[in-house]
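Questions regarding the structure given below will be posed in turn.
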Amino acid sequence: MSAIIEVSGVSKSFGGVKANADISMTVAEGGITGLIGPNGSGKTTLFNSIVGYHPIDAGSIRFRSQEISRMLVPEIARLGLLRTFQQTRIYGAMNCVENMLISIPHRKLSLMDAFGRNTAEDHERALHMLEFVGLYEKRFLQSGSLSFGQQKLLEFAMALMNEPTVLLLDEPTAGINPTLINGLIDRLQRANSEFGITLFIIEHNMRVIMNMADKIYCLAHGQMLAEGRPDEIQDDQRVIDAYLGAH
Amino acid sequence: MDQIMSNLGLLFEFPIVNLKIILDGVMIGSLFALAAYGLALVWGVMNVKNLAQGDFVIAGGYVSWFLVKTEWLQSLLGVSDNFVILLGVLVAFVVMGAIGWVCYKLIITKVIERDLFTSLLATFGLAIMMAQIMNLLFGSDTQSLKLEYDTLYFADGLIDLPIAKLIGVCMAAGLALAVVLFMKTSRMGQAIRATAQDSRAARVLGIDTEKVYAFTFSLNAAICGAAGAIIVMVWVIQPFYGITYSVRAFVIVTAAGLGNLPGVIAAGLGIGAAEQYGSHIFGIGYQQAIAVLLLLIILIYKLLRQRRLRQVLQ
Amino acid sequence: MSDKEKKSRASGYHVGSVDTVISVEAVTEQAAAIAQKVETADLLALANNDPYLLISDLHAGYGRMEILHGINLAVGRKQSLCLIGPNGAGKSTILHAIFGFNNIFSGSIKVGSGEDKRDITSLSPQDKLREAGIAYILQDKSVFPGMTVEENLWMGGFLKDDPKHAKEAAERVFDKYSRLADRRKHLAKVLSGGERRLLEISRALVMDPEILLVDEPSIGLEPRFIDMVFEILRDLQEVEGKTIVMVEQNAKKGLEFADIGYVLVSGEVAIAGKGDDLLENPDVGRLFLGG
Amino acid sequence: MSAKKLVLYGTLLALTIAAPFLFPNFKTQLATLWLMIIVALSWDMTGGQMGYNSLGNIFFYGTGMYVAAVVTIGIVYDVGEYTQASGGGIYVWTWGQYFAGMALGTLAAGLFCALCAFLIGWITFGLRGPYFAIGTLGVAIAAGELVSNWEWVGGGQGISMPNYPGDFDQFKLVIYYLYAVLGVILFMFVAWLYQTRFGAAINAIRDDEGKAEAMGIHTLRYKLITWAMSAFFVGAAGAISAFQLIHFEPLETAYQTINLGIFMVVCVLLGGKGTLWGPVVGAVMFQVFKEATWNYFLGWQWVALGALIVVVVVFFQDGFMGWLRYKRPEWFGIRVESKDAATEGAS
Amino acid sequence: AADCDEIHLGSAISLTGKYATNGVHAKNGYEFAIKKIAENGGVKIGDKCYNFRVSYYDDESKGDRGATLAERLINQDGVQYMLGPYSSGLTKAIAPVTEKYQIPMVEAEGASRSLFNKGYKYLFAVLSTSEQYLASAITLAAEMATANGKDPSSVKVAVAVENDPFSLDIRAGVLEDAGKQGMKIVIDEKLPRDLSDMTAILTKVKLLKPDVLIVSGHSKGAATAVRQIGEQKISVPMVAITHCEAADVTGNFGEFAENILCSTQWAETLTYEDPIFGSAANYEKEFKAAYSEYASKKVPYQTAQASAAVYVFKDAFERAGSLDKEKVRDAIAATNLSTFYGDIKFSDSGNNIAKPMVLRQIQGGEYNVVAPSKFASHKLVWPRK
């Protein structure tokens, strides 16, 4: 599998705090890559650097061999790099279908298209996606009044609707009921296999990440601590010491 | 164009003028800063953007003016106008504090923690009402009070420093200092700072945020009132002048950035001086335009800086 | 519970399979099916018949919308209670209601031992800590980011009559947690997630409250910190004798910790039992613990 | 469109056309009403639908007035000479010149304002929330002061438009219908726009711009286009005002920041932000209230107006349409889940 | 007399906004004249008598509002004759409306020349046009220069006027006259509408040392100028301003106002008189008696000219002998009247060409006429301090 995102030698510090120091890693196209590490080890910082929320101090970030470390958030998003937020972000005043329809891939629209109406096809796809994440019943409900977990699912459906190339998920299961987590993982895996969406996931929940990822990177104190397959990581003494703790 | 060149020429021909301009700028700027300081407070703590800020200032001026004009205290205490004028600052502080409290209870409490426009428009309505009520009460003439003090002259009389203005500026500085100390050391000040950062967490710790809000708003009104009382003894007031102080206050707070109280003072003095320079060079008719253009330039600068940080200004 | 048993328990988020996939609707339906009529007497029994915090027939919600439909709850002194349930079941809403952050339509909340219980239903949030000794650790971030760690702790003692006492209490916290003492002069916003959580918890303790309301103490924390937070809570309950009501999505961990567990579904208490019993219950395991 | 709707719209249109004949003495007030509707509807395009609350839309109104004046005067005379304070001389326009000026001036005003919106937006759309509101207010204030010092267009003297070459009653009819046509076009335009993907996209920007950006929506492009469209209509309305008022001053009339500039926002809030009919309903309510107080509360009218604003903002935060939506959600296509016990149990 | 019929006049006047002070002065002038005329038997047309009644609206000192209100007065209130608003700007906004409806408007407060080059047929102004306000100060300065053995072209002039039609017209008049004398304009500034500080200008005055300082900015311009000139000890040989009386500069600023020149349309010391109001001095006295708030200050000329405007209507109605609008207009156009305010005779353009402006100097707290020489009661004190 070829690398779709290549991070090489990226450093980022805030004032005195070195959040990322000389990080290098790759995300394989079509795979599921995991990112773990203690609190404050710089995971979210790395995500933000990739999708353009702040400038990096050194290094380079490439998407399909294109340098993106100086581009702005919307420009990067238009390349098909999509992220979800730790705190869910949906358009709360609209119902689920409207939320879905806004999420059609605008980057593929010309200005003239924007002045058109949504096609029957768009509607159908929206409903299909809602069904896929199990929100079909709630499609006309104001999305703001969905429960926390359902909002996460909706956000996930919106991301799929957007037909991203890469989906970056920041702690997708935090605060979600364990049973629901299982459903979420199932759908993520199906999105990966059925739609061919590359996934890049930050998680603290080992049950999730160990069962999903092909490859896991572990950060500590802003530095790359270890990388490898889930079983390798799980038994890596450095990871156990720095992060997992004794079992 | 010729005018502008010759005005610029004056600055070099008589370098001492620069000092004079800066002095004037600092004097008026210190009062802008005071009004802006209050705005920064309510904006930061309660997220209320108070468009009636300038009208509180003017109302404070009228309180002091009225106190002197009724001659009531003079005859009661047997003191001179001069003394009553100074007392007026205190009275305006107290009276406007009370008025601010009433405004809070009637209006602001209902718009707090709502979206931006709610507070902006509610206070705009308040501003209209206040200006008009002052007009009906006191008439639309410009009013002022005069302290019977001398003027100091320097540099062949080119620089004049009315002691009255000096007193006004010192009072403004004293007031600002008192407020800063109050915020740093008193319990109420601490509660205000905590509420500003996270009101829900403050409530969890047993802080009565409603009381904090009411207090903050009336403190703001009181500061404005005192500023107005100082203004009426060195400049003039008129019922409809509020908007100029509101605009200045917003310009200053926006330029300084929220939560940056020393920055507010610096920006206030800076804008005062910049306005004086601008009106010296381009003409006094451009004074307000200069203030707002300055704001735009600052915003654009911040914007470019944010863009380099791949972020937006919000 | 022997020491050995304790060791063997899950650390951080437990590890396990992810095969049980049940839709949200199905969970609600099945939960309704297994829901027993939870008798008030049973609840009282769980609280050793001497509840310190007692909620009876509480109807509460946001605005005009009712979220909680007749909640009964009882916790004894020095006991801990863990609320679990699907997202949106109303767990946080119960804590909100206890603290007075939302609208209570009917029902009562009482605090106190024995007969001299105090009705605190209509007490305003800012009086909860002073008058009823209830401290609340919020679900999301609640440190004052622009204040130093030290000042944050002092704010925790805002209600003390003399600021000196607050400072003394802060020193006691520092003595206990050197992690915080190291950073006492730092602004709270630069703390890592775990340190923040620690600060929030210890700040809540400055006033020495009787009851602690804790909303999802482990959310967003790394596995080692999760263990640490639960250690702290255990210490508070067992050594300092606090009464703890907690909400936890990391349900296994929560139920292991708590003396009593309630399962909440759609604003009603569906199942109540001893924490360990609920862990054993296969239905609970399937529907709420992820198998 | 359902038959019921067709009847409603037909009736309203007929009323619009007949109004100046039904109330012949109120032509000017009716024209002003249309002006308020136009500026409110166009403010709502950015403020209500896109979440960018501009306080500086009055800039386009004033600029529209001046562009119209310069064009109309410029096609016949030398502008600088015409505006000389003591120029003397009597200037006359023929029918042809007058209407050519009117047509060209209005169009030029709209286009020029749209262009300005594009340029100003390039800068100000980097600002969010209060910064945007105050930044745009700053633009309007500064523009007013600069124009009032620009002698070529008359400076503080203001500028006079040509007098209508015909009968005065006819003039007022012309003005009324110009406004009405512009207003109806604007209404139909926004009604269509809000149905398109474009409408959905600007709604998304309002609800969560960061999210919209992260989803790859061309936010800046949509923001600029929306503001330019809104500016076009405000500018054109300003042009018509210029012809209507005949003489206007820069600060008091053209760039009247704290009057019309804020009133348009008040209208929208009164009616309900972010709804199609809200601005229209709000403008009507505002205009009626204003005329009533100006008639019956002489001297206290401003106090009454201030009180109205405060009361509306404090007690009816979602405006008239918001209130209606709350009372009659089904009219707005909101489906209330009946099986959800949580909402049913509410009282 | 009380049992007379009624002639309905209308006026949009500034009761709020930046012109409110003077708007109220004008309104009081209207009302006082109406009362005096009624007391003197009213307006006699044929064998019937009439009293005036005025409908007022508040134009908020805003032109667009004024125009709307004029229309309302004409259309909805059926007013056939109009009294003017306050200020040139407002008159400019209203005149097109009255002209279109062919409603005669006699106005007393709009002095800008640009009002009278539009070919208006129904607009008449009893006051002198504004370019004359301070132009005589330039003449006076030239005279002083010559008397001191200097060439008038050596005189340096500083001008600071408000950026509104009226003051800009004053500036135009001053620049024109100064240009004729070859004088040099060293400062030429416009005051903003919410002026509260003119230190910046006065600093330049100190540096450039002009021989004449001209300030015009309605009441607040006068107040600010006098106060700051005093505070900053500006020693310019000649300072000439407008609106001294309206701002009551002697009452408010005492010795600061000393030796300042004030232009006025009218002064109570002038020797004009008429049968209704008596002499100018009598007008002042009776007006003060009727409006106690003026007791301690000068009656501003804005009031006197407002009264004169009403008087022009009375005279015209009586000469027309009819209530017919056109006849009344023609009668107004043919006015040739001596009043307490001065002679009134309209040019074809509608401005009064029979009355000069006067310049008064504040001497010992009194307003003494110093120019033109025909009316001068006192000698000019020069240089000032």
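For the reader, a short list of remarks on this structure follows.
Labels A, B, C, D and E are assigned to the chains in the order they are written; within every chain, residues are numbered from 1.
What we mean here is this: contacts are C-beta pairs under 8 Å (C-beta built on N, C-alpha and C of every residue); 3 or more make two chains touch, one makes a residue touch a chain.
Note that this is a predicted model, so its numbers are computed, not measured.
The minimum number of touch steps separating chain C from chain E is 2. Among the other chains, the CA centroid farthest from that of chain E is the one of C. The most distant chain from chain D, with centres taken as the mean of CA atoms, is C.
A separation of 32 Å divides the Cα centre of chain B from that of chain D.
The distance from the centre of chain A to the centre of chain D, each centre being the mean of the chain's C-alpha atoms, comes to 43 Å.
Chain geometry summary: the mean Cα position of chain A and that of chain E are 75 Å apart. If each chain is reduced to the centroid of its CA atoms, chain B and chain C end up 47 Å from each other. Contact with two or more other chains is made by residues 16, 163, 190, 192 of chain E. Under the contact definition stated at the top, not a single residue of chain C touches 2 or more other chains. In chain A, the positions touching at least two other chains are 73. Residue ranges on chain B touching chain C, taken from their complex, read 187, 190-191, 193-194, 197-198, 200-209, 259. Residue ranges of chain C in contact with chain A, taken from their complex: 11-25, 27, 85-89, 190, 192-195, 216, 219-225, 227, 249-252, 286-291.
Across the interface of their complex, chain B is touched by residues 16-18, 20-21, 24, 160, 163, 188-192, 194-201, 203-204, 206-208, 219-220, 223-224, 227, 231-233, 247, 252-253 of chain E.
Listed in rising order, the residues of chain D touching chain A in the complex are 193, 195-198, 200-201, 203-204, 207-208, 210-222, 334-335, 337. On chain B, the positions that touch chain D within their shared complex are 49, 107, 110-111, 114, 116-118, 120-122, 124-133, 136, 243, 247, 250-251, 254, 283, 285-286, 288-289, 292-293, 295-296, 299-300, 303, 306-307, 312-314.
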